[in-house]
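Following are the structures in question.
What follows is a pair of complexes built around subunit A, which joins subunit B in one and subunit C in the other.
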Partner chain A sequence: MSFIEQSSQPTARILQAMKAQGRIVGALMLRDMRTRFGRSQLSFLLALFWPLSHMLSLFLPFVWFSKYVPLGGSPSVYIATGIAPYILCMYPARMVSMAITVNHPLLMFPIVKTTDLILARIAVEILGALVVISIFVFLLVAFEVDILPPDPAIAVSAIFMSIVLGVALGVLNVVVVSIFKFWQFIFMAVMIVMWVTAGSTTVQFNYSEQTKYLLSFNPLLHLVTWMRSAYYGDYSAIPLSKAYVMGVSFGSLFLGFAGDRLLRGRVLLQ
Partner chain B sequence: MIHLKDIFKFYTSHGHTKIVLDHVSMDFRGGTNYGILGINGAGKSTLMRIMAGTEMPNGGKVRRTARISWPLGFAGGLHPKMTGRENVQFVARIYGHNARQVLDFVEDFAEIGGYIDVPVGKYSSGMMQRLAFGLSMAIEFEVYLIDEVTAVGDIRFQRRCHEEFERRRARADIIMVSHVIPTLTQYCDRGIVLAHGKLHTFSTVDDAIELYKKLNE
Partner chain C sequence: MSTPARDTNQASVTLKALAGPAGGALSLLARTRTVVAQRFRQMLAPAPTPAREFSAGHTTAGSWVGRALLFSFIAMVMAPTLTASLYYGFLASNEYVSETRLTVRAASEDKQSGPDSLAVFSKLGLGGNKATVQDSYLVLNYLKSRSVVEDIGGDEYMEQKFSHSGIDWFSRLPRGRPIEEVWKYWTYHVSPVIDALSGIVTVKVYAFSPEDAQEIAIKILDLSERLVNRVSERSRAAAVKEAEAEVERAEHELVATRSDLQSFRNQSLTIDPVAKAASIGEMMGKLLVQRSEIENQILTFSGALSANSPTVRNQKNQLDAVDRQIAELKKQLTSTGENDRPVATELSTFEQLKLKEQFSEKKYTTAELSLDRAKLDLEKTKLFISLVVEPGLPQYPLFPERGIDILLVFAVGFVSWGILSLISASVLDHLI
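Take a look at the complex of A and B:
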């Protein structure tokens, strides 16, 4: 006797499996949003206060002390376009990387797989990042900062890729953490180095060619350049490579999900 | 139902490697209830987790063709900050059940009254067990995995657990790990002894108990 009505058609079976996974991921998302910060209906919004306040705590002092900026006439726009890719990348990376460790007891339900936990966390983080950037832009507009770019499509694509890079690094970290327990700390140090060398508050015009070459491996630098190209056109001291950002992002995503599949035994033991 | 093929599982701790399942193959067939025996540390719970899919073997393949439960009465998946109601609704959702119906069943079965709207982190261990057991009974499975626990709470509640479990057995199979011989003989048709990484299967539970007793001597 079977409690599950299964279709004999392969296509119908795949659709059935996708529907079931959608249902599980949806339930996990609701649970994650409700329990992220305390246990209120507003838990998810309260949790967003953290990246938003981080963004503002970087933005306000830099703007306050910036008498002039290398590009354009507005320190606010220059600093905001340097900080946003960092925050939109770092928080999803950190939170997705904890997808298994914080939800490990749920894996005792045989129907819940590690992939479901990762996908649910990804969806929540994308949603959260979009809310954070929307509030940030709203605040800037409210304080009469001319933040709306001449080329919105480029800015939106830069925001999108910042989140994708964060999510992708997070998925890869899920697997790496299962092998190297201290990777979370190393990764945070790597993120800080990426932030410092991303040119968020400076432009690397005066750097030597060798330094520029080394910096060009920092995907965050390309994202900042990508974002600013929506405001300042082709200004970059280091040539913008969108292909490199996409390569690192989708490569990490592929390696992360492949690792989850191939090393599931280790991932389950986290 | 559950097919194990050449399953190899080991743990490494403090430089020592312990083989828990040594290239084990076995078919757990539908319509049969299995009782698994073994001395402490033999790897019975590991075997259950591998069958459920919550732990991976180091080698071999597990094929499942039935809907398998989580370990009966397991409360670890309940979020302490969420109320009993929210936890039940979450589990109902992931299993594609009607949340209202599952909640009605659990409220009636667990008899925790108004505590259903209290975060489960504030429950006493007894209340938590009642909720977890009720939830296990509220979701329909084809195979129930039982690791030691078949009933919880006071005598009256234990009787309800057994009655509900008997009803469930009429349309589902069980795979049970227990040291309690009467429980195994009551619920299981076939016996399996896990010893030294190998599964020794018997057509009756009594034969398995004989070997188990010898292992304990």
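Take a look at the complex of A and C:
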């Protein structure tokens, strides 16, 4: 470190720190992409293939066996808009939550902090999720599914918030996992419950007020509703609250980063 | 400084001793608590980054980070919270909520049945009392739409209720805005929600005085009622129109068949070929009786008198005359001659026409009956709004919820400041 000239000006030093941060995160991203599956240049392609195949394996059977169209004219659109938020949320959440577990040897370098590992994972996951949703949309368009929404801004913001929620839950999970290792499995169960109650492939209009109230705590259901409001106008299984999704997302992002700052990966290394 | 840490360590030891089988998990918990406590102290203390160790000479290094934190905290958390407190404490106008619940019902309970019912009913789905949830959606959509704003009085009415100077500047509806913006404002102040199971629509009106809230709620009820009337009137008009058209068609048909029958009568110069055939038959019957009587007499006298006696000759002449008459009558009934119009042919044509006439008569009466019934039943199937909860006069302003709103502003500020400063802290970890 001593070969870099120290500056006494705070702004210059912050600039230097930012550059260092950028380089570190960039390097970690490159490493992360190459080491997802083995040590291949193509490993990131495999990492993209995974959520994509998950998405298609949920999508195709439901479309194939759907006997009626719950809403709108096309079962493909209805089911795709239900599945996309789930996949876009779950994979970043799961992958980010493993950010430190997988890469902890890198913490041997004193300059690499746990936050850097998390930030690098977040960047990679956001890119990955964007590629996955692009390929999915491209495939649907190629097979002549009318997936391009009448109101693209709403659909894009729903996609964006799904990724943000996934990333935020992932960051919170990093901390919780480093305290309780089995949290990973509990979170999987939570995610499955969220998926089942999100109404991705069913209709949820005929529920009682109380059930709807309980369901409205599921952020994924809000995301699915958000996504579908771009296609179906006045679609509302529950009263959509974008503020709730944002609250859960940024709240857990904050808690996650704060917990990370608090622990700095120590528990994990013990 | 170290006392609390020791305490927690002791606590963990005690826990482990106490807990037995669950000790593993508990000790993990206790250990976690220890670590969290240590970390928390370290976090509150200046971060022991390499930067600090290297720049121990710079006395300013720690203090400008602290200052930046403080200033950003003031800017992002304190200032918004203070502003919100001032706004909610002194400026924000009270909002009163008037709630009303309504549902749409059809009056008719009886089902359309019986042979006379017209196909029109089943087509329009007017019988019975089924479509009420859908009709509630009708009201829901109307209350969310732009046309309800126009119907309630548009810009003028809304400005009168929401633009006066008694309302604070942020909550006020700016004057002279296009209808789209007024409509958006409307959706923030009138919230209709439907319960899909019962079809009950709950409408909440948020206004800045109790009287306004109630007045708007009552107006909304009135408008919904008018909408429902409009819709049922339209379907009613359509059904009656269809029935009337049916009656007209039947009438035309009846007139046509009657005139066919008339022209047939004029051509055949008979009023009723059936009667004619009957009279011919009767005559023939009489002649046949007469003929057999004459033959009897001839047979009786043939033993006593010679064949050339005047009596016998006379009787034979009579027999010939009767035979001729019978042949003539037979010819009238069934002849196939070119200029002749035999009664048999006339009879079949006449019967067809008569049947047609009967059919169209029946059709006409049915159509007339159905029209009457359509008018009657539609009066019964009329949709109407039934009130579950009348719009009340609010007494206490439920909104704004000052404490919660201020807390929300604080939470949003704190979370965004927290995320930003934590990421900045991660950058500063790389301070050289």
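Rule of thumb we're sticking to: the second predicted complex is superposed on the first by the 263 of 270 C-alpha atoms of A that agree within 3 Å, B and C clash if a C-alpha of one lies under 4 Å from a C-alpha of the other, contacts with A are read in each partner's own complex, and residues count from 1 in each chain.
The rule we apply is simple: a residue touches a chain if its C-beta (ideal position, glycine included) is under 8 Å from a C-beta of that chain, and two chains touch if they have at least 3 such contacts.
Since we're looking at a predicted model, the values are computed, not measured.
In the superposed model, more residues of subunit A are touched by C than by the other of subunit B and subunit C. Judged by the touch definition given at the top, the superposed model places A:Arg264 against both subunit B and subunit C. Judged by the touch definition given at the top, the superposed model places A:Met18 against subunit C, while subunit B stays out of reach. In the superposition on chain A, A:Pro110 contacts both subunit B and subunit C. Residue contacts after overlaying the shared chain place A:Gly251 against subunit C, while subunit B stays out of touching range.
By the document's definition of touching, of the two partners only subunit C reaches A:Leu119; subunit B does not. With both structures placed on the common chain, the touch criterion links A:Ile179 to subunit C but leaves subunit B unconnected.
With both structures placed on the common chain, the touch criterion links A:Arg31 to subunit B but leaves subunit C unconnected.
By the touch criterion defined above, A:Ile79 reaches neither subunit B nor subunit C.
Common to the subunit B and subunit C contact sets on subunit A are residues 1, 4, 20, 24, 110-111, 113, 264.
Residue ranges on subunit A touching subunit C, taken from their complex, read 1, 4, 6, 8, 10, 13-14, 16-18, 20-21, 24, 110-111, 113, 115-116, 119, 179-180, 205-206, 208-209, 234, 239, 250-251, 253-254, 257-258, 260-264, 266-267, 270. Interface residues of subunit C, counted against subunit A in their complex, comprise 28, 31-32, 35-36, 39-40, 43, 50, 54-55, 58, 60, 64, 141, 144, 193, 195-197, 415-416, 418-419, 422-423, 425-432. For subunit B in complex with subunit A, the touching residues are 52-58, 66-71, 74, 76-77, 79, 81-82, 86, 90-91, 93-96, 119, 140-142, 171.
In the complex of the two chains, the subunit A residues touching subunit B come out as 1-4, 20, 23-24, 26-28, 30-31, 34-35, 38-39, 105-113, 264-265, 268-269.
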